[in-house]
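This is the structure I want to talk about, given as structure tokens.
Labels for the chains are A, B, C and D, by order of writing; each one numbers its residues from 1.
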């Protein structure tokens, strides 16, 4: 794998620019769903957890990995579901009225 | 050097997100200076030109590099200067009036 | 080849996450945002499963399925419990990051593969991960009122906290110098866990939303650190998006409360002014539901200002009935939403949306305030601090400078609450004693219910 | 170590470029944006000069100095010549990209170091670079009127263009398969150069702003391709910013003209309707400068709508005098800025800023239109298409659907132009025949000058 610190830093900088810009423009109306959506996205840690649990390099790493997979999946599933549940409630006035 | 196509693509994607977002929010008032500013920034090609002219790997590459350095520097200098000249003109009403 | 494919999948996943958040800028596209987020996460998982070094899937698939099963009921919580669910979820996220960092450390230490760079990234990941984990647990406990919600303070707590932090940094530094001292690593974990608890414990329950948001940001940063550990750009990007989100939401909250981060973290707000309320003895005018119904139906424009009390009493459906009754009579009804009304950002919006009130009737503070003087009736439902004129007038008030909704400027102000007790900030509210204010005492749900009944019961309700 | 330092410098340079464009979002911070851009560029150059493979500086420093010297006078051009200067500058940028690609190709081909990936990136860079170079030269020539500005069309031109493009792609493909066929490379260059010329030649001079903007975008993409060739993230990022800018400006222009990209590139607009103007013979009412002065000074609100004619006659300073005279008399004067008034985006803003008109008096189309019915006088100065009500009414007009400024809705409309000739789109303008429109025939600069004189000459100018 080709990776060095500055590569990572470069990506981090660009992603931070995007993150700050994008979030700043999220509608205030949706700040609660935003919290649960980013909560679900932060469970991206599942990527590292899956690798640990799958590579099975040592018993410790496998078990810790499996626990981490469990914890993150819980986050992902509940986070996305609850966000969608909240968003479904937001409705515009029906034009008929 | 560690670099592969997908690394580049990743950076390109993030930069495009940033570019489209940032430019879309440039004040309409300033579209002409924006044109000359990005014109100056596009002269970033100077980086490649300097390397060619400095590494002097072959006569052809050195000469082409030197021409490219000349062309981009012209761009940089005139682009930034004219942008600044235009921007200096933009003034708010003096509160005294 | 397979490596390139994985990178490509990660790239698409990253783009989907960005679109996911972009689409949250508008309620019309917001659900599409959730689908993009789900798609991004699915791709991230599938891409990872393709990794050639994975030798067995049982340790992956079983916890994956169990986690999904555990996640489903967690998404059924009532909307009032969303803050504690989010906190709990952050605890899981922090734990996952911490565990991955721990496992990586012992693996690499075993093979002698720990460069200073890797060690540094792991230390950051582990500290942030475990701190988020315990901090979020305490926050969830306070919100669920399992742990006392009042600020738990004791002498020298800041000294202890900073000592802990300094110790953690010291241990981390020693590990950076010689990563093979594996006995130090558990110490680091314990310090991080303890720091998380002690950081959140002294903060009052009502400040938890800001704390949760900050912890969200930490969880994001832990993912970024994990990205550096695992050399993975997807983790870095998603983590950064998350970190930005937590940071910005905390800033929004602090600004709307006119407070600073330090004040939230170390200020123990919500306790200091406990005794102030009883200083002066004045009387407020009170009215009946019938009076209120009459006022409302004769108004041509009504602004409803909901607050935490509406959330507590779950009055939003009654409020919806009221909205319908008034709209039917041709009254122009708007909702004025203060950015920190309730107990989490956007709290009122979600509740009113749940009650099927069209979101184009919800108006933000800055947009409604210029209109307030033209409103016939301002109906305050369980809100207190967010309509306290002391924020505008009284330099000595702890909320001075906080932007508020100008309910006092409407021609008549009706205020629904159970008593003259203060709200979250613990200070008295001038508004209730103003000449043009009428109090409607009682639980918000039943008071609004009576008003609706009075309206529906024909004419002026007699 | 030095490599890491260079990467760090590049990282900071990238951040500065992003801030540079961010700060352009507001005139207050815009100049800071230029400094950030200069700083970013300086760091990029310094970082590159530190590169360990550089063995001599004379071939760098001499062209650097010469280029800077050549750049200074190029920045003195009058504001009306900004479009052609920008085009010329793009030609230089494209040339630089093309040359770097060419040199890299021959170097790598000599050492047998051409992977398919590198070859692909070089082909993209070279095609985009040389195409931008000649295309921009033609555009500059048309704008400077060295080359005929009318669309130069001939039978089968699209066939020829596409054949050229297909050939270039074919040659590129052959090079990808076997990069050692060096004899094909010059062919690729020639094809790209020719394609650039033939692409722009058939487009009318007045469409050049859109073309320039597109070429700006191509120059950015060439830099991105160079970034892939040189394995440099700074080039990729800066190129992407540039590409985005060109793209968005072109879209803004196309939208404001209600046209599509294909229509601009292949439509040869501005020629087709050449004969339409003379169809009907009607008379317009004309007025003198004194009449205009009287109308203006008795108005309480005046909206000035400048267009290309103001730019041509350099009337902005007279307009400033008029603004001063009227403001002095308590008249509320605003400027209505159409997004494509003039010949480049933001053209009017720069001219009015040059004449020291405060930019908070410049109002965008969408913001001024609701106010137009309340304006006493709309003063159209050398604008035509952007105030043509046919865009709203006449389904058959080529500009139907283009958003316009509603000059016809003001109580009185004064229009300054030299004749009844049509503007850029070549179509007649109903506005001039409307009952409430008065024409002020003559060169904008002298007409406005007379109006100002009449105003200054005391009272109603008699």
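Simple rule for what comes next: a contact is a pair of C-beta atoms (placed from the backbone, for glycine too) under 8 Å apart; a residue touches a chain by one contact, two chains touch by 3 or more.
Predicted model, so just to flag it, every value in this text is computed and none were measured.
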Subject >> Of A-C and A-D, pair with higher C-beta contact tally >> reply: A-C
Subject >> Intercentroid distance (Cα basis), chain D paired with chain A, Å >> reply: 41
Subject >> Approximate Å spacing (C-alpha centroids) for the pair chain B, chain D >> reply: 16
Original post:
Hey, how far is the Cα centre of chain C from the one of chain D, in Å?
Top reply: 46
**OP:** Can you tell me which residues of chain A touch two or more of the remaining chains?
**Re:** 3-5, 10-11, 14-15, 17-18, 22
Original post:
Can you list the residues of chain D that touch 2 or more other chains?
Top reply: 18, 233, 237
**OP:** Could you list each pair of chains that touch one another?
**Re:** A-B, A-C, A-D, B-C, B-D
Original post:
Hey, which residues of chain B end up touching chain C in the complex?
Top reply: 4-6, 9-10, 13-14, 17
Subject >> In the complex, chain D residues that touch chain B >> reply: 17-18, 20-22, 24-28, 30-31, 33-34, 37-38, 40-41, 44-45, 48-49, 51, 53-57, 59-60, 62-64, 66-68, 70-72, 74-75, 77, 79, 82, 85-86, 89-90, 92-93, 95-97, 99-100, 102-104, 106-107, 110, 117, 212-213, 216, 219-220, 222-224, 226-249, 252, 327, 337, 339, 344-347, 349-350, 353-354, 356, 358-362, 364
Subject >> Of chain C, residues touching chain B in the complex >> reply: 4, 7-8, 11, 14-15, 18, 233, 237
Subject >> chain B partner contacts - residues on chain A that touch it in the complex >> reply: 2-4, 7, 10-11, 14-15, 17-18, 21-22
Original post:
Within the complex, which stretch of chain A touches chain C?
Top reply: 1, 3, 5, 8, 11-12, 15-16, 18-20, 22-58, 60-62, 64-94, 97
